[in-house]
Amino acid sequence: MLEAIVFYTLAVFTLGFGVLVITARNTVHSVLFLVANFLCVAVLYVALAAEFLAVIQVLVYAGGIVVLYLFVVMLVNLKAIPEARVDPRRRSRLGFVLAAALLAEVSAILVYAGSRSPMAPAPGAPATPAPGNTETVGWLLYTDYLVPFEVASVLLLVAMIGAILLARKQEA
Amino acid sequence: MFDTNELVINMGPQHPSTHGVLRVVLRLDGERVIEAKVVIGYLHRGIEKLCEHRDWGQIVLITDRMDYVAAASNNLGYCETVEKLMSLEVPPRAQYIRTILAELQRIASHCLWLGTHAMDIGAMTVFLYAFRERELILDLFEEYCGARLTYNAMRIGGLPLDIPPRWDAKVRAFCDILDTKVDEYEELLTHNRIWLERTRGVGVIGAAEAIAIGLSGPALRGSAVPRDIRKDEPYAAYADFAFDVPIGDAGDTYDRYLVRIEEFRQSTRIIRQALDGLPEGPILGKVPRLIKPPAGETYHAIESPKGELGYFIVSDGKSNVPYRFRVRPPSFCNLQALPRLVKGHLVADVVALIGSIDIVLGEVDR
Amino acid sequence: MPEPTRIAPPAGPTDPPPPAELPPPVFLTALQRGLPGTIEKLSYWVGDWTAILPAARLIEVATHLRDAPGALFNFCSDVTASDWPPRAKRFDVIYCLYSTTLRHRVRLKVQAGDGEAVPTVTGVWPSANWLEREVFDLFGIPFEGHPDLRRILMPDDWQGHPQRKDYPLEGPGELLIEDPVDWLRVRHAREIE
Amino acid sequence: MVETYLVPLLKIAVLLNAVLVAVTYMVLLERKVIAWVQVRLGPMRVGPYGVLQPIADALKLMLKEDITPARADRFVFTLAPIVSMVPALIAFAVIPFDDEVTLFGYKLSLVVADVNVGLLYVVATTSISVYGIILAGYASNSKFPLLAGLRASAQLISYEVAVTMMLVSIVVTAGTLSMVGIVKAQLDAHLWFVFIQPVAFVILFIGGLAETNRAPFDLPEAEQELTGGFHTEYSGMRFALFFLAEYANMIVVSAVATTLFFGGWLRPFPNVAPLAFLDLVPGWIWFLMKTFVFLYIFIWIRATLPRYRYDQLMRLGWKVLIPLAIANLVVSGILKVLL
């Protein structure tokens, strides 16, 4: 009962902030709603007993990435009023098509996931979960999901080098 | 990708580290200064004009209000200029006491500079330490002439007062205290890594350029120009004393700092010699009752704590006021170098450099 | 307050000539030889040498004095002016020079009438920049070729030049008006101007 | 019911009040200590030796007019001080003040929540606190606060990398992320971790100074450069919140350093039997004493050192601390595997 109340309250907040992110006229406000959204998601994780994930969500997304967003938003055209410009891309129908495709995809995943037994443990996980899920996450990351993990890190490295190169070029 | 937004910020006239009502308009790229414009005049009181309407004796009191942290030096410069114009002989005792007062004043001014300069760079304890020593000097001045800031301590032809009894012993004791305290300041700053990083290589100006742009005083000596009016064109009793003129070599903020620190020590050295050789005799020369210099003009400069403090005075020989009274304020001329010094540095260096050239707005604006 | 007891204002500086037995310093004789006719008059008073020049030849002389081996006046201590209203060329512009290597001083003096420009010496001594601005601000003497000729001590919209002898000590006048309505009227009239 | 809700709520209430009082007195302590360093007396008028000064200050700040600049972003302007204060307070939730104590027959652990990811939790909360500064800088619609906000965020992000990296070395050494677990690991290791991980401690301390915007890294509020920094436009209680947040953050950093490196509530030499008489002093007193020493050092540094320049601070962070932290992590990993 209590769990359900917590869950639905959080869900409402998460979605509400999500909507505010895209409707807010002020870019900085929009970024702030994004942070609020992330924080709500983090609390959801806590409710699911995934503390590690929750903390990482706050640390990486709310505390790291969005700060950079804010940085960029503040540095780039502080004065330009958003409603003064009409973005031609906004009127394109492509957006609706893409959104519809995404919606379909998400619903498909939901249906598929719902058809499976919800309590089935992830394959390869130790039979008895360790106290706290940090170890489980680490275990999975370095055994079953080693290749995706490494690929992701290489991708990030490439992105970093690319960013540095771009910045360098401008300087020269 | 991003347009580099230039930011224009107004530093001052109300800003904690512009040392008064200086206004610096900074054009910034990020935090780097592209251009600095100095706007002055907020404290302009028309002292030159005012002095052309006051009689010769009254002007001493107005000169106090220019460089108000070194009032006695201003008095000295003015009195010497009028004495030069009148070819007056000043008795040696007065010359010696004037020298002592001027050197005490130099120490007081440097204390204030050190404190505020260190404070600008974030070392706030040095500020209070330096003010503690300055307070001792103010006490000495209070005992000598009753005032603590604007002394009106000199007269044309000599001094209004002889030193009070046992004052010389107190000055000696102060010199001993100061020598140990200067070591204390140096312990806190001279070899401090952060201090070195903040001051070395900041605001470098070479000797030729420093001369061309009109720097004088410690700011010029920091750029390895051995120019000290006390040595080059001795006035008061400076010819009688042995002292060194410290110079820097790199011409950066650190060298200007070192030069001033060394000047503390040289000043106590001069004061001690002056006290040792203090002659007996009158303190006021043969001054006519009505001071009215013969028609003519002269420029006379002394080494004030900030640099070359010059007076250009024209007398028409008929009226009891100067026909033209002009001050060459060292702070004004040194401040002119600020835009050149801060160019390409960061905002944090701007405050360090304002401190480093040591200005007093009362003198810049007059 | 002792008001100046001046009845007839002096017509100009005395500029006494040097005593006959005193030879002028080497750099001045060298200047006379190098650029003949530039010095209109030499003056000596209480140990200071002053050379009075025509404004047109100021830059020549300044450059010579800065660079000539016996002169080396590399430091421009001060630029100032004095006002002698009865004279036709009412202003004297005075340059106080110093040599940091040879440690001697000299003063140059040029005359300028009201509104007459004097060539700037900022090209010779950059330090003259603010000093000339101050002279411009307080005396209203324009400096030809000055890179940044604006008022420096007085507000930008100030009327008049306070160091002139005909400018009253009390200020331009409206500061003394007690009734703010009158004051506004004066101010308004000035803005229309 | 009592166990699950009432006891934690009570703990939170007690802790919050204790922290807020500690923070206000921290201000007094700082003023006093700096005054003594500078041969002054500090506040002396309110109460004997000025001990009631914080109350007077709080009253003054609360009664002051609360000004919002005309063209400020009102919503964000109000939010910023709150955002800077809250993370500083909630970080205390995972800090263990003592082992389990028995109070009125209850076994009570002196930590609000012994989360198994306690260390990460602390890092996460401090990473949130940057928003307060950056938003204050933005919302004031004024140039000096904006510059300060940018400085602050760049500074926090750079130093957080080094500090987090260093915390990983501690996790490698202790084998747990729980704050209580880390203290217990020090008991088992017979050593405070400062002796095992001295480099990590130095980095944490420097990073802590930088993250709390304390001298010599107090650039975002460098009064001499940026007038008041990000809180230039704030007044009254909103200003006070920024002020208190800074001090609360100082206490957090000190408490974390104590927990991670100086054995938390453990007495000195926890395994040396002849020193058992030291156990007469309760653990939480040891903890507070150690924390206090850190706070004192914070103040001492502020009174002594000049301030770094922005580029120098960034250089120190990226070119010295981060490589050092990575090297330290690698070495501790190798040692952990070998030993």
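So that you can tell them apart, the chains are marked A, B, C and D in the order they are listed, and the count of residues begins at 1 in each.
The rule is short, and it goes like this: a residue touches a chain if its C-beta (ideal position, glycine included) is under 8 Å from a C-beta of that chain, and two chains touch if they have at least 3 such contacts.
Everything numeric in this text was worked out from a predicted model, so none of it was measured.
Student: From chain C, count the fewest steps through touching chains until chain D is reached.
Tutor: The fewest steps needed to get from chain C to chain D is 2.
Student: What chain lies farthest away from chain C once each centre is taken as the mean of the Cα atoms?
Tutor: Between chain C and every other chain, the largest centroid distance is to A.
Student: Taking the mean of the CA coordinates per chain, how far is chain A from chain D in Å?
Tutor: 29
Student: Which integer distance in Å separates the CA centroid of chain A from that of chain C?
Tutor: Chain centres of chain A and chain C, defined by C-alpha means, are spaced 72 Å apart.
Student: Take the average of all CA coordinates in chain A, do the same for chain B, and state the distance between these two points in whole angstrom.
Tutor: 62
Student: Taking each chain's centre as its mean C-alpha position, how far apart are chain B and chain D in Å?
Tutor: Distance between chain centres, rounded to whole Å: 44 Å.
Student: Would you mind listing the residues of chain A that make contact with two or more other chains?
Tutor: Residues 75 of chain A touch two or more partner chains.
Student: Can you list the residues of chain B that touch 2 or more other chains?
Tutor: none
Student: Can you tell me which residues of chain C touch two or more of the remaining chains?
Tutor: There are none in chain C.
Student: Considering the complex alone, what residue numbers of chain B touch chain D?
Tutor: The touching residues are 7, 9, 15-17, 31, 118-125, 128-129, 132, 188-189, 192, 194-195, 197-198, 346-351.
Student: Help me check something: in the complex, which residues belonging to chain D touch chain B?
Tutor: Answer in residue numbers: 34, 37-40, 143-144, 147, 151, 215-216, 218-219, 222-227, 303-312.
Student: Taking the complex as given, what residues does chain C use to touch chain B?
Tutor: 1-6, 10, 13-14, 16, 45-48, 50, 74-78, 80, 82-83, 94, 96, 100, 103, 105, 107, 125-131, 134, 138, 151-155, 162-163, 167, 169
Student: Touching chain A in the complex: which residues of chain D?
Tutor: Touch residues, chain D against chain A: 73, 75-76, 79, 115-117, 120-121, 123-128, 130-131, 134-135, 137-138, 146, 149-150, 153-154, 156-157, 160, 164, 177-178.
Student: How about chain B: which of its residues touch chain C in the complex?
Tutor: Touching chain C: residues 40-41, 44, 46, 48-50, 53-55, 84-85, 87, 208, 211-214, 216, 225, 227, 232-233, 295-299, 301, 308, 310, 312, 314, 316-321, 323-324, 326, 328, 332-333, 335-336, 365-366 of chain B.
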